[in-house]
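Below is the structure I would like to discuss, written out as structure tokens.
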């Protein structure tokens, strides 16, 4: 049992949003009567709305921002947001060019986002859904659309956000988001279990000295278990699996995102990244960009994930754009250091 | 013993049902933690807390309104897979139904039969997939059979809650094919399904209330 | 014992730097023969060089960047960098306008940075030192210059970086950094111990269900211990102490930085921030800016720190500038979202 | 028994000293963890590993070069408070000293006397402040006394290592006034100082080597 620095399990999502807005009231408004936030700025463009269960912050509260989502509907801990909440957030954006919902591919999210899209369409509002399914461990390649979504949603959103900012229409933004989703493949390694954000209970039990590859963030079993080994050994095993799944030939350009879980520090992530870079270089795969962040963070868990995004010219164009939210900041690649 | 319920009684019964669900939070969460993400009890309890508020605060002139209020409240507050699914269970059965002031077994059976169809359409799960369908479908079948035979309201629900329970127990032997539990594959065998457990808790509470109040 | 995702304790700092540079070779160069990095861009301005022991990443590897430090010398885990290393980093910057060293006020850092400055001066290179001492728990106000430095160094560096970018000379940049240091007051709460980054051993023992206020990040005793209570109760106690130390009257403008430790998630930090905001509002203290980040992260420890920076017009001018490093990104306040 | 050391012997002795420090890594780290940050053993060991490399690789024509190499290597590789301080101990004593090929007790005493002064100037700590000074100052005093009395080299170092050890033990009763340990205030009483322990390990190793090799 871990003492969580909260006030009451029932209020955590509401109070989290209040605290986030307290620091960021210049950028965001609260959506009335629900757990959601929207950008104050209402550009005339396809609106991007995301959401999902709370608990792996900064996903999803931190994914509303410039070049990202216009609004986020935040469910209770690990529970998809209610349909009503998604609709309220969607309606608080500028939806005249239509709404693209981007969520992760879990039953609850799919059910609620699809229902929200149907209900909005009944009101004459254009709404589509893209469900991110980047977790290569959760289903074999032939059933890739059954895969769960994990850290990769960060990049799908960022690319869709840039495409929307560029003025593309709903069909095109949807296509690009779907392509980004097809091209992004993520695999995770878990070295110790996380804790429920609301109760502080260990989320599951795990043998010490084990690494589980491809485990779901709530402890869903992964594809294999190994004895704990050094960083390089873990990365080697993961990259083997991931590259086999990705089928990226030498010369192909990729973007790399190393994402840390709560208990794993930036030092470890850099050491992981070092090996990822070495392997890609050995294989002759071209690293267009590489970044280390903590954007999808199972709280208190030890581990990390590696996301590889296969790029083509179209995706690259949007990938390269800057993105800014207080919790998800990525400089543009054309002028380093400028978000 | 009365063989029907007034709208007020229906409301009272669902207040009792809500309380039973709320008190099962830990139990449901424990189940969901084994092969899910541990939120089921929490969101069921959050949803039914709000159902209690809404039912207590409202005046209802027909059973349809009671069902609709419960369904919309669950849909609006729970989230998760089960928010939509339990919302569907309470809303879809009354769509297009004439106002019912006194509800008896055939109406219950008809409402839940329609909502079962909607649930299966939305969630795509069938018997054996280790979902709430495994408890709900036999419970509904029991209501329909009892109504067809002209059995009493209370008999219908006693039988329904028994079948819901059997359905929940049956989920133990199934391998999950939907929701987060699916990731557990064969490891999901041996554990009940959380949603099926919720269905049983609801039917058990309805039967209990009827037994003591009608 | 926690399994750390590293390869070998002796190599962690070196490999961390390699991994960081692998992702960020556009921005930084490695300093040859030592554990240090420098910005590729060599503006003609006062050079800012920082450093300290590794282990609480992103401090200090993440503090080199635009509007931040030009170079960082990274010591072994929790050990100040060797004097030679500091000198090598300093010499890899454009030091023609002089060098300002900004480090934390620990014996090892003071000894090495002062010696480096002396040796550089002997070579005719202008070099000064500012040691950050923001931890109000580590000495009473009358001995404020004996205080340790913790999370506050992020803001001192950011302000000095902006002042240097603005073209001020070494004297002025030094003065401004010293003023920022005098004005920044930090207090931390620790709810569970961290783990040594090199060995994974628990850094110290702590009673469960306790919160220690003002504990050093290696477990140095704090100013008091309390039974674990909700987030708001902990923040109330901390803000009381901090505001008493800060002596900020109503109407005074402050910047607020809520910094999270490794085990504490963004959700909790938002809930903490919410209460900090409420208290400042109650007291009539004006919140010029407020941000939540993880910049000084005792690895695996539960807890957080609150830094309050008293602003005047001069400090505000530099505080408001954007800063960019891959691990420390803060948008400017004049155009939200632009780093 | 010889009463002096050649430059080669000095180098051999410090190779042995390095090995002893390296082997004390765990012991020193444990001490530093109690009232410090647990890095002392690690950086001492890192520093002396490099000293081993540098000494093995180098050819030295005088004792001064041996001291300088050790000091510079420690200063360059260790970091931490003790990097500067141990660097000072080996460097400051030979500043301005004429090349010494054969080193005997008076030279050792003179070198370490000067470096003690430099150490105290740099670190500002005095006896009783719970630092390496508590071990180093009495050890140096022993060397000086023995040299003044015309005692043998080995006697001087036997006495120095005993006094270093007593100094280290004395730090147990002191309250820390420097470094990270200071934060522990009265709680630092009862624990030895890590830097003082390192001093003792170094002097003990020097005496040991002399006893077995001269």
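Chains here go by letter, A, B, C and D, matching the order in which they are written, and residues are numbered from 1 within each.
We adopt the following convention: a contact is a pair of C-beta atoms (placed from the backbone, for glycine too) under 8 Å apart; a residue touches a chain by one contact, two chains touch by 3 or more.
Since we're looking at a predicted model, the values are computed, not measured.
Chains making contact with subunit A as well as with subunit C: none in this assembly. Comparing the CA-atom centres of all chains against that of subunit A, the greatest distance is found for D. A straight line joining the Cα centres of subunit B and subunit C is 54 Å long. One finds 77 Å separating the Cα centroids of subunit B and subunit D.
One simple way to say how far apart two chains are is to compare their mean CA positions; for subunit C and subunit D this gives 33 Å. Shown for subunit D are the residues in touch with two or more other chains, of which there are none. Shown here, the protein chains touch in a chain-like sequence that does not close on itself.
Taken together, the chains touch in the following pairs: A-B, A-C, C-D. Those residues of subunit C lying in contact with subunit D across their complex are 9-10, 53, 75-85, 106-108, 111-112, 115, 138, 148, 196, 198, 203-204, 216, 218, 220-221. The residues of subunit D lying in touch with subunit C in their complex are 33, 36-39, 42-43, 46, 75-85, 87, 122-123, 178-180, 183-185, 187.
Here subunit C touches subunit A in the complex through residues 1-8, 12, 15-20, 22-23, 26-27, 54-55, 57-58, 61-62, 65-66, 189, 191-192, 197, 208-209, 211, 228, 230-232, 234, 256, 258, 262-275, 277-278, 290-292, 294, 297, 299-300, 302-304, 322, 324, 326-327, 329, 331, 336-339, going by the rule given at the top.
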